[in-house]
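Presented below is the structure to which this report refers.
Labels A, B and C are assigned to the chains in the order they are written; within every chain, residues are numbered from 1.
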């Protein structure tokens, strides 16, 4: 039987994490200890304005716009992963588009849907453990794909070929589960130990906003610690023109700060009372630095709920969705919706026509959790 | 940036509540202290059978049926707000239809959908803090629109004009967010301090059951303390004839009783374990005094889930919904449904054909919370 | 007013349980004490490999295949309840198909949808309290229909007649609420005291996966202790050929073990933090003993969420549902879905085309609870 995800997690949390011992795992989980090469230094550096500190390959910050078609300014998204097969030279990871490297400097996660590339995607990602600043006051000890929470945004079309490689650079085994793939997970989504890689290829069959995540057991811990993101699959027949954004809701369950760093807390994850629940990894990030469109724009939110536990009750204050695609666009649509809940592990597409100027907060309307960071502003400029 | 809703709520609960100090807010929140004019007296009076005690305008109990078309008896609903623009004389609030004034006498909240008026609606509501008796044994220190939980039921049609004014009579700033409105929330839904008013006009674009609520930060506290209700927007082409009812699910998170009164408890709201979860503000209220229809009637429940946190898993024991409109009626319909979850902040329309006589409990089938008051009886008389 | 379910549960848990006293109920609830005839012996026997111990009728293990049409091997399901009206002789319960008797030996719950019988169903079930082994290490003090959690799987078609009788063999009153029935619950779903029976007949109007459960107050306790199951109603016009399985998600809230037995804990149910959340009553049961199909098969999962509280965020790792029927099949379908949440008290039909061989875990992707046992493997053999 495959070990991902395992059935025995609550009872034997650490047994499943080869080759580290239980003691070592717990040490890792609680503070990402110095036992993990490179991360100790990163932790030591985790104060506002500290130098960037990465364990190995510091990816280029140059966006991959050269490899892209005619991208409008709003479509340039440094948090995206585009067709790296078109890029020449160097390490696939370091030549990739616009990675945010390990740093404790706060940065906004660009929610813009990256433009489509020339067709097929070739992605080579690495796991990274590093401190990530999620607000002025908080730095978390993150487990990541490519150094950020969420991982890079991926955009392709139904029927495109996605060739994906994951190289694991850290002590704890990791894996990659793309919800857009129909593939044997026992092989493709298998956990890889440090220094090894897994490669697989898939062709998305359905359009939609799909989650990806580390599926290594305990999945709750791996998702809860930051190893998730979104792949948006557009239909081959384009949807109506729109300004398109990607919002990945997730929850943070954090231990008390030690040396300025808050580790992820597995027991807290099991308690299901998060400290934060937010979009794209930073509480309230689009309050200070909103998403901006113009009157007359159609806005399309591709919403993925990474969970790990709570629904995303998505709502835009002062607006209504004229269309929510419950399944694969352009089908499975309902009309005239105030709020819809995206299940953890799910994704949906929400559209609204911005015919009124103003400042429209988008929220998780389940406020007991949603109020802990699940809000941003959509500015509609007149 | 707009302050409603604010991103910083969990950390700075009281900072956002101008102009009261943190100390004063907490005093208000915990017992609705004597600092609030009129409420002290109301609290003192809060025992079964006590005289009505209001802080200012005791609204007329006379329903506005004179201003309405041919309303059948079942459609006369004293908890509704109709076209007050048709009424003459006096203060708009006090001339409005059938407000339940501040009182600690228990009253049933009439779930009947109010009839449509002549076209457009002109509403002038006031915020009120007052004790509300929710059962034989419990009185809560409520924050309300117009003196009841939920606020008045509103009914209009797609394209009608709703002119709404909120006057804030209490120390804490409040606001009004109609989910049926497409409007700049920074202006329309802004918080107003004591003694001031806000007015705006909207034309609902979509049919459905829409929540309204105070959007002042912390929204969790304002919704959780009673400031919510429902506006039902009927399509211009009438739906099939039916007996129509409005059910607003919400949760109560209460501090221990002090002087016979239970205040709302913000920390308990964050714990997401409510004391009660019920329809129209009173646990189990339609058990003793059911909703009654006749064999052959089509029943249409407009269900709004005010939350603030949990889904409403709506189910009628012994019946099945032949139609649930997931989006705006008459579209977005699914058929043959036992239970459907309405997201917090959402609303839906549920229809069933009552071809069997009997007593049918309607429930929130998520019993861990739903059993705390989320039940009533639909009597189908043979 | 009907007493099922009652409105007063949290305040007066035991008052509603006639004729036992509060003390006796609590004793029953906490350890299923020796006061309940037969169960004491069963508890005493509850060790691995102990002899079967039932309180009365030990049902025959012989499946009812003789009464069925051409059932393929995969369709022979000993956990099903078929048309017992066709069977001759003996007590209806003991002549029924393949009951799992009281035993503390672990057995896999067969998820195969039982084949349709000749038309109408006549079911006579009994309540049973008994220890059930849910894993190598855990035995629970169960309240059941017919001795297992979930109860027997039922399969019929729209318009078939289901004649159902419940005989209560235990001290606590019980009842039966079929979500597939449109019938006066005050009569049909009434609680019956020990030694008495209730009989009613219904004709399902809609296709779908419907929950059944004991509706005796407190419903949370009765569902939470194991009294639930699934009835699948197929449309009269058959759906596309498929391998069909039934998965009933539920939650276990357990007290500490006493004498090797874990009783159900009502207060824990109210805390909404389950110890386990799983399919068909046993955490991770389909990991060791997967569900097997072949490449090219269409698989249809009829998923019922018995709750009592949390959604079932159903997902198949490495696959996508080409169709999810939100309402009654063949209507109300959406396409191209990664994850969909089935509400507690609800049911849905999920279809996927198994065109890739491999081992595909099916999970509740809300991992904070789902990881506590809500996983199995679908093996697609090449």
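Quick note on the criterion: a residue touches a chain if its C-beta (ideal position, glycine included) is under 8 Å from a C-beta of that chain, and two chains touch if they have at least 3 such contacts.
Since the model is a prediction, treat every value here as computed from it, not as a measurement.
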{"item": "Angle, in degrees to the nearest 5, of the Cα rotation that carries chain A onto chain B", "value": "120"}
{"item": "Classification of the chain B:chain C interface as same or different, half of numbers criterion", "value": "different"}
{"item": "Whole-Å separation of chain centres (CA-atom averages), chain B against chain C", "value": "37"}
{"item": "Residues of chain A engaged with two or more neighbouring chains", "value": "311, 326, 341"}
{"item": "Complex contacts: residues of chain C adjacent to chain A", "value": "273, 283-284, 287-288, 290, 311, 313, 315, 317-320, 322, 324, 326, 334-341, 355-361, 363, 365-369, 371-373, 375, 377"}
{"item": "Residues of chain B defined as touching chain A within the complex", "value": "1-2, 4-5, 7-10, 177, 179-189, 205-208, 210-211, 215, 218-220, 223-224, 269-272, 307-311, 326-328, 331-332, 341, 343-347"}
